[in-house]
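The two complexes that follow have chain A in common; it is paired with chain B in the first and with chain C in the second.
For the complex of A and B:
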C-alpha cells in the first residue's frame, strides 16, 4: 500500500460521498422538513411538530389538487396503456409497407406535438372543442403525447411473444380477443407493467399541459398547484410545500412497489429452443 | 374420428413461393401418417394449411365429410402440437391442458377433471401445478400432447414432434408417441425431416420435395423401392448407392450388398466407418464410390480388392433422364 494508493482511495471515497450527498440531501430534506416547526431550505435535525401537516390539510386546494392529479394520471395512464397495447400488438403482427418508418415518424413527431412548439395550436384546438378546464380532455392530450413512445416500446415486447403461442390458441378455437387476453397480454405483461408505471410517472410530473389547459385552480393537479404555493409576501410557503412535496412523491413510489410485487418486471420462458 | 382428404391443394406465399403445389393426398381414419422431406420442401406448410394456419390458394381440404378449406383453425376440430410445444408460460400444466376446454367455456370443475385425467394418462399427474419452465424437455412434450388430446379433436397434427429432444429421449418419446396414437386411434399427421423417425413411426409416409409428393407408401415400400433417385437418396440411414450404367442408374442399398466371388461392383477398400454392430465399407470403383455394410469384426483390410453383389430383387434401375424407377 503505497502512499499514492492511499491518496487515491481517499479521493475516490470523497468523490463517492459527494455524489451520494447530492442525491441524499433532498431526500433527507423531504423526510425532515415536513415535521420541522421552522422548515427552511437547509437541512437540519427537525424540531418535531405536526403543525405543517395540519396547515397543509387545511389549505383550500392542496388535497383537491392531489385528487385531481390522481384522476388525471389514472385516466391518461389507462388510455395510454390500453391503446398502446392494442396498437403495438397490431403493428407487431400485421405486415404493412413502411411500418417501421411510420413508427419512427410517430416517435419523432410526438416529442414535437405535445412539446412547447405545439402549445398554441393545442390550446386553440381544445378551446374550440370546449375541453378547456376538462380533466378528461387534458388526460387525452397527455395520453396522446405518450402514446407513440409507449407503442414503440411495447411493440418490442409484442414482437418477443412467440407466434406459436397464438397459433396454438387459435387451433384450440380461441377468438382474436381471447388470444389477446389469454395469451398475448399475460406473456407481454412485464412490458405492459413497465409502460403502465412509465406513463403514470410521466403524467404525474407533467406540468406544461395541465397548466395550459386547466385554468381553474380547483381543477389543477398537484404539479401545477405547487407553483402557486407562495405566502402573501411572495416568498415560498414553507409551511405547506414540504408536506405537500412529501404527499406528492408517495403515489409514484407506491405504484412502483405495487406493480413490481403484483405483476413483476420479471419473465419466465416456456418455449423449448 | 375422421380421415383427411386433400385435393389439388396449393399454398402460395405472398412473396410468390409455391410451398404446396397442387397436391393430392388421402389419409385414412386412424392412420399415423408422416410428411417427410428436406427443409423447405413444403411439408410444414402442408400441415399448417390442414390446420388452417395458412390459407389455401387453391384446392380443398376435407376432414371427414366436411370441407374445411375456408374454416378458421378453431372450427376444424384439429389439435396441433408445435415444434417448440408452445405451452403458455404463465399457466400451470393443468391450465395448459385444460385450455381447449376453457376456450369452449367449459365449467372450471370439468376443466380440472379433464386435465387431471388426461395428465394421468400421459404420466404427468405429479406435475399439474408446475409451470412449463419447470418441466424437462420430455415432460414439456408430453404436456403439449396432453393439451392436444384434451381438445378431443378428430385429427392430431404434430410439427417435428421429436426434434427438440436429445437423442436418447427421442427414442423413448418415439415409442411413447406410437403407443399413444394406437390407444387413441386418432388420425395423426406428423412432419419430420428425419427419415428414421418416419420409417419407425408411420403407417404410411409421403416423401415431399418442392411442394409435391415424390412417393407415397408404407415405410417398407418407401425403403425397399424408392420411386425415384430423390427418394432413394433421402431414405435410409446410409445413402443408397446410385451408379450410372448406360441409360440407367443402378440403385442398391449398402445393407443389401455382400461380398461375393463375382457380382455388381469390384473395387478397393478405401474407408471403413464403424456404425456399432455393423461397419460401412467404401469401395473405390473407378469414378464411383460404393458403400456396403459388413457385420462387426468382419471388416476387410484397407486397400483390399473386394467384389460385392446383391440379390436381383434388391437391385433397382432408374431412368437416367427422369430419375424415375424403371424396375
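For the complex of A and C:
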C-alpha cells in the first residue's frame, strides 16, 4: 500500500461522498420541513410537530386532489397497459400488412411528438370538444402519449415469450383468448409490470397536460394543486406544501422500492445500443 | 409464423384500439400544429372565431423575434450544458466509479440518483426552491452567502445544475449496462500493462460503448429540449433569461393567447425532434 494508493483511495471516496451529497441534500427537505413548526424554503433541524399534517388533512382540496391523481393515473395506466399489451402481442405474432412501417412510425412518434410540442393543438382540440375539465378526457390524452413507447417496449418482451408454449396450448384446444390470458400474459408478466409501473410513474408526475386541460380546482390532480397552494396572503402556503409533497411522493417511492426489490433497476437486453 | 392462431383479422382488432388513441391524441394534434401554425388563430378576440391563413408569416416573424432567438439560444445552452455534457459525464462517471465500491454504498448512491429521476416534477421544484432560495436556502447557507437569490441571479446555471440532478439516472443506467458488456479480460490486460484510469476509459472502454454514447446523447438531448420542468422552477424569468422553448411556447399560447404564432414555434420544435429521432433510428437500423 503505497502512499500514492492511499491518496487515490481517499480522493475516490471524497468524490463518491460529494456525488452522494449532491443527490441527497435536496431531498432532505422532504424529511425535515413537513414536521417543522416553522417550515420554510431551506434546510434546518426541525422543531418537531404534527400540526402541519393536521392542517394538510383539513385543507379543502388536498385530499381531493390526491384522489383525483389516483383516478387520472389509474385510468391512464390501465388503458395504456391493456391496449399496449393487446397491440404488442398481435404485432409480435402476426405479420399484419405494413407491420414494419407501423413499428417504425410508432418508435418515431414516441420520441418526436411530445406534450410540449403538441400542447397548443391538444388544448384547442379539447376546448372545441368541450373536454376541458374532463378527467376522463385528460386521462385518454395522457394514455395516447404513452402508448407508442409502451407498445414498443412490450413488443420486445412478447417477442421473448417462446412460441412453443402457445403451440402446445393450441394443440390442447385452447382458444386464442385463452392462450393470451393463460399462457402469454403470465409468461410476459415482468414486461407488463414494467409498463404498468413506468406508465404509473409518468402519469402520476405529469404536470403539463392536467395543467392545460383541468382548470377547475376540484378536478385537478396533486401535481397541479401543489403548484397553486397559496395562503390567504398570496404567498406559498408552507404549512401545507411540505406535507403534501411528501404524501404525493409516497406512491412513487413505494413503487420504486417494489420494482427495485422485485426486478432491480437494470437495463436488460431490451435496451438498444 | 402465426403461432398464436389469431389470424390477421383478429390481430388488426387487437391493434386498432391503441392506434385509435394514438391517432386522435398524438398524430392528429401533431398534424394540426402544422395547420394552426400557418394561421393567425388566437385564444380570444376576432381571430379566435374566424382565423385567417397567413402562410409562413408566423415562421418569418418568429425568426425575427428576439424572444424566439433568445429562447433557441437558451434551449441550446440548456441541452448542451445539462444533457450532452452534464448528464452524460456524470452518468458515465457514476457507472464507472460504482463498479468497484461495496454493494451497500453502490445501492445507496444508485437509489438516490434514481429517486431524483422518478419523484414528481412539482415536488422536485420545491426541493430545489429549498436549495436555491434567498435567505434560508441550503446552498446559500453552505456557501455562507445567504443573500444570493440563485434562481434570480443565475437562472440558466441553476436550471442546468438542476437538470443534471434530475436526469442523470438514465445515463447511469444505460452506461452501467454498457460497461457490463466490456470484456473483463481487456480491462485486466490494461491494468496489468499499467494503464491509468483515463487511458483505460479512452482506449479500452470507449471503443466498446461508442454506440451507447451516441444513443444516450441523442435521447437525453431530445428529452431535455422538450422538458417543461424549467417552467416550474423559473417560469422563464427573470425577464426571459431562462425562457427555454417549451416555456416560451406555453407563455405565448396560454398567457399571450397567440395560438397560431405558438404553433409555428411548436412546429420548429417538432422539426428539431424529428431530425434527432431520424438520426437515432438510423443508428439503430445500422446496428440491427
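In this section, the second predicted complex is superposed on the first by the 236 of 273 C-alpha atoms of A that agree within 3 Å, B and C clash if a C-alpha of one lies under 4 Å from a C-alpha of the other, contacts with A are read in each partner's own complex, and residues count from 1 in each chain.
The rule we apply is simple: a contact is a pair of C-beta atoms (placed from the backbone, for glycine too) under 8 Å apart; a residue touches a chain by one contact, two chains touch by 3 or more.
Bear in mind the structure is a predicted one, so any value in this text is a computation, not a measurement.
**Student:** Could you say whether A:148 touches chain B, chain C, both of them, or neither, answering first, second, both or neither?
**Tutor:** So A:148 only meets chain C here.
**Student:** Compare chain B and chain C by how many residues of chain A each one touches, and report the one with more.
**Tutor:** Looking at chain A, the partner in contact with more of its residues is C.
**Student:** For A:96, using the defined touch cut-off, is the partner it touches chain B, chain C, both, or neither? Pick first, second, both or neither.
**Tutor:** The second partner, chain C, only.
**Student:** Is A:178 touching anything from chain B or chain C once the two structures are fitted on A? First, second, both or neither.
**Tutor:** Touch status of A:178: first partner only.
**Student:** Could you look at A:15 and tell me whether it touches chain B, chain C, both or neither (first, second, both, neither)?
**Tutor:** Only chain C; A:15 stays clear of chain B.
**Student:** For A:167, decide between first (touching chain B), second (touching chain C), both and neither.
**Tutor:** Touch partners of A:167: chain B and chain C.
**Student:** Just checking: does A:107 make contact with chain B only, chain C only, both, or neither of them? Give me first, second, both or neither.
**Tutor:** The answer is second: A:107 touches chain C but not chain B.
**Student:** Using the superposition on chain A described above, determine whether A:27 touches chain B (first), chain C (second), both, or neither.
**Tutor:** second
**Student:** Identify the partner contact of A:201: answer first if only chain B is touched, second if only chain C is, both if each is, neither if none is.
**Tutor:** Touch partner of A:201: chain C, not chain B.
**Student:** Residue overlap on chain A between the chain B contact set and the chain C contact set?
**Tutor:** In the superposed arrangement, which is not itself an observed complex, chain A uses residues 164, 167, 170, 268, 271-273 for both chain B and chain C.
**Student:** Which stretch or stretches of chain A touch chain C in the complex?
**Tutor:** Residue positions touching the partner: 12, 15-16, 19-20, 22-27, 29-30, 33, 40-44, 79, 83-84, 86-87, 89-91, 93-97, 102, 104, 106-109, 111-125, 140-141, 143-145, 147-148, 151, 163-164, 166-167, 170, 176, 179-180, 184, 201, 204-205, 207-208, 212, 222-224, 226-227, 241-242, 245, 248-249, 252-253, 256, 260, 265-268, 271-273.
**Student:** Within the complex, which stretch of chain C touches chain A?
**Tutor:** Those in contact with chain A are residues 1-8, 10-12, 14-15, 17-19, 21-22, 24-30, 32-33, 36, 41, 90, 93-94, 97, 101, 105, 108-116, 118-131, 133, 135-138, 141, 165, 173-174, 176-178, 181, 209, 211-212, 215, 219, 222, 226-229, 232, 245-246, 249-250, 253-254, 259, 262-263, 266, 269-270, 273-274, 276-278, 280-281, 284, 287-288.
**Student:** Okay, in this complex, where on chain A does chain B touch?
**Tutor:** Those residues of chain A that touch chain B are 162, 164-165, 167-175, 178, 182-183, 186-187, 189, 268-273.
**Student:** Could you pull out which chain B residues touch chain A in their complex?
**Tutor:** Touching chain A from chain B are residues 51-53, 72-75, 78-80, 82-90, 99-100, 102-104, 131-133, 137, 140-141, 147, 151, 164.
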